[in-house]
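You will see two complexes here that share chain A, one where it goes with chain B and one where it goes with chain C.
Take a look at the complex of A and B:
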């Protein structure tokens, strides 16, 4: 394709010769791509296809189990599985609130870091610190923060709340950690977007008499729009697929109040040994995420036009 | 970038494969080297880890041809870890776990049936009721013994001696324990001046309720014609209702202790906020070590309902079916769990040994730290029906724990709780019957 674009068919060489040459070059390209393609096929596509296939079987853990094809039975079971839908509801609450809060907090931080502050470089580095930590370490650290007796939070607030074990505050407490953890990448992306907003636009708007708020609303935000759409959709996918953080913080407790869908699928597979059903859960979650994202992106695109 | 990481990944895979096959060769007795066993231990208290490691060292010195490697595991995630290593075909040879977890692994064929390979000495040292806690269906219609039970836990009551004496109630003994009615009356008497008579830490309520339920003959599960169903009848409701009454009718139990784990009420207990805390015998270790100077405490024997029976769950050592050296593994277990060694392990974990020889050890019957009360309570342990239920773990985490927590928090009635336990529970168990 690109070759014909670069060298349109109006040259002196015959079109037939051109095509065979193209084919040869295509083959070469393919050969050159192969080393990069193999790991993608083996490490990404392979497990994905295997996982999708598992979803249509009754695979279970065990030495003496036989796996057979069960068609859509797993999906039928899924539709009536109240525990899964409860977990899914929690997952949506978690993903939406973390994504929205993360976006708002990061936008504020990015705007701040975009100003000509003293020690700006230092502040920008500080803002990145959570990014450098693995989720497990973050989980352990926050578990200490939330500890009912030794935790710094109860000490500062003078309260006596068991944050991670209370039925009503456990999910909000975990959401706060989720927001904290995801802020750096959102901030960095938004900051990069902010720096690309042409200064002239601000100046022109200023000359026209627009105040700070007005300039933010009518200049900065529209310019930032593609960046915002991209980062919020990515954040949403990351958040709904979150596993390690909750696994370390609460293991899905108390009484399943923080059991995100991925944790639910993990338990089905590695605690109870229903591999087939767990694969079905994975496929179903993927479909739902794609659908939600599709609708969101489609609406954003339409509004942008 | 991607190509490099791919190359690295390939290299890692090759290396890993090379290592494991190399290890396999090295393992074989044919190649002349010593047999290597991996022992996954879940010991977590300091003294207990020390006791475990010391026994492994002792064994390694005495048996140069069978070398045991101590691998540290954790109760938090041992069963997830085992599922993955069993499925991958590379489990530890000797596995430390507890009897509720064995039933599932046994029926899936991951554990070796030890009934014919254990030495007679070990078999006769451990009484039959303990062996019953590790005897399960093999998933193919037969029965087998899938572990050696070694440490057991019973539920006792810790009491603040000053508050207990001041209340003037009868002090129970192992021969004449309190009934639940006496316990309720005592808790009421000790509730005064801002102190509660009792704190029920119910963060993980299921095992506690199910084991105490046996006091009134509550089994929670029945099996008819090979099909297990949940049962919450009058017997099962007794203990549930009595704990609930203490919380909301007598107001002798502190509702804010409900979310606590077993050891969490201790600061309140030391401060005189709670007069009594029901918990497992192992908690004596933390009470003895953390009690402030001058704080006097006693261990009261298990309560009595219709009987004083409690459900026994044992810590166990099992051998993986995929182990390359099952005979050597059994030999190691026989050494590790003989009478004198069990006494050491029990002392390290402040639990009750199953071995009759170990139970007779003077260290197990001393008055110090109430070992006598703890050891005497072992006679009440009977095999709990829930041990044999395939799918118990899922029932516990999806149905049992949330329902009991809601009931004890007074969010649902006893009838609602019973209905949930049965209806939702049966649905869970059905998956395992297929």
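Take a look at the complex of A and C:
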């Protein structure tokens, strides 16, 4: 509809006028973008390019170590590194489950918050709390919940499980915390999207006799689609790159069962000092993420047409 | 019936969202003796505030909280000031540059921080900004900027171009149209972006871990993690208390902004 229509302005005008108008616009755009681009160039683009270059070197920590170009050697090593593949598998399980569960839970909550219910204000505030909390605090808090002796979970369930140290339970336990932590952003974005759906569309559909479910499916969801695609993509990227939460919860344990790719890379870089190898890991994860997102976005766009 | 189901669902969400928080509070109010007694209950038998005093005494909680606040406020304001003009340009004009910029926004989200953290550390070391709060604030700005841009350009795009054009037709100049029509509609978006930038800086742990080596400049997350060091059951009370204290300033800030977010400006404008 009109809000998502991104056709360039002036396509229906004469080509000559269009061109001079575009040139003037480009100049204006440049002036507006420059203040934002300079810091990004200096502190974000530059280091990133440098970081990618490091992936092809044997750089180590320490000021005076010599660094030499090693080509694709790091990538070769990575492909035969069993620890990396295990970490990669865990990372995918984590990122996909958290993203999907986060989206479903948040959509449900956003729909509820969009209704005229009692306790709605309270629920809205409560739903934002995890967002306001530092991941470090969230990690510490859930460690208290999961604590085998002093934790409330075992007391309530009557179980005797060491949630964060059990080989089979640790990853699901960490995933629950991931969903809890990421729900606010997703809910807020989806709720904002819901509130931007014109009420007239709903009323019109209602007059035409569409029920609640059909109105949701045929009116709300299509209107919400750009928002959904954007937030689930971002959630996936954030989740695969998660570090702090799991670092505080388990430090990657037990026996590496929750060692997400970023924890693995962090250890390589800052425990063992292999800057080059850690950068290679980063590049590899980037390639995978781009591939996954590419397929996802391409499918979404094809369906949207 | 349908309403009852909705309330049931809402209740489920409330329980899921609230129970870890309640447990954190409960733990913070328990005596060391009760923590050692391995029969946890929701309500402390002998509620005490001693854990909070312990938290203040043992680590520099207040100092690191102040440092976190300064870094987060500075980086939030700078981020929005830098991002707003660019976001407007990205949303309203089409050009090669803006395709590159949008591409960068997406790409920068995809790259894992590990890829930025090592070289950024080296750059800051050269600029002698390692171990300084401005250094960390700068890193947080660049870390937050791409997503702030993305958010803001979405809000600009949501302001119907027709409104702006209508203002121009009515005789308002370009800047006046921006100031009197677009700006008020953007307020909720700008506030939301400020909120996002503040919280992400306040929460940030990994960059702080790498940039701030010196305990004397440590931000709150760093101080808290150090607090967990050698941890027996008895130490969990002060840890919970410190965690609660660490969350308070952020929650307060959130609450202030939350009220402004509710002014539903868009609804009125689109209906017009």
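Methods note: the second predicted complex is superposed on the first by the 260 of 305 C-alpha atoms of A that agree within 3 Å, B and C clash if a C-alpha of one lies under 4 Å from a C-alpha of the other, contacts with A are read in each partner's own complex, and residues count from 1 in each chain.
Assume a contact is a pair of C-beta atoms (placed from the backbone, for glycine too) under 8 Å apart; a residue touches a chain by one contact, two chains touch by 3 or more.
All values reported here derive from a predicted model rather than from experimental measurement.
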item	value
First (chain B), second (chain C), both or neither touched by A:65	first
First, second, both or neither for A:248, with chain B first and chain C second	second
If touched residues of chain A are counted for chain B and for chain C, the larger one	C
Partner chain(s) touched by A:150 [first = chain B, second = chain C, both, neither]	second
Touched partner set for A:278, first chain B, second chain C, both or neither	second
Which superposed partner A:167 touches (first chain B, second chain C, both, neither)	first
Partner chain in contact with A:298 - chain B first, chain C second, else both or neither	neither
Interface residues of chain A shared between complexes with chain B and chain C	35-36, 39-40, 43, 149, 270
Contacting residues of chain B [partner chain A, same complex]	2-3, 5-6, 9-10, 76, 79-80, 83-84, 86-87, 104, 107-110, 139-140, 203, 259-260, 264, 267, 321, 391, 393-394, 397-398, 401-402, 405-406, 409, 431
Residues on chain A engaged by chain B in the complex (per definition of touch)	35-36, 38-40, 43, 60-65, 83, 148-149, 162, 165-167, 251, 254-256, 267, 270-274
Chain C - residues contacting chain A, complex	3, 6-7, 9-10, 13-14, 16-21, 23-24, 26-27, 35, 38-42, 82-83, 85-86, 88-90, 93-98, 101, 104, 108-120, 122-123, 138-139, 141-143, 145-147, 149, 154, 157-158, 160-161, 192, 199, 202-206, 210, 220-221, 224-225, 228, 233, 236, 239-240, 243, 246-247, 250-251, 253-255, 258, 264, 266-267, 270
Residue ranges of chain A touching chain C (in the complex, touch as defined)	2-3, 8-9, 22, 25-26, 28-30, 32-33, 35-37, 39-40, 43-48, 50-52, 54-55, 59, 105, 108-109, 112, 115, 117-120, 122-123, 125-137, 140-142, 144-145, 147, 149-152, 154-155, 180, 183, 188, 192, 195-196, 198, 230, 234, 237-238, 240-241, 243-244, 247-248, 261-262, 265-266, 269-270, 275, 278-279, 281-283, 285-286, 289-290, 293
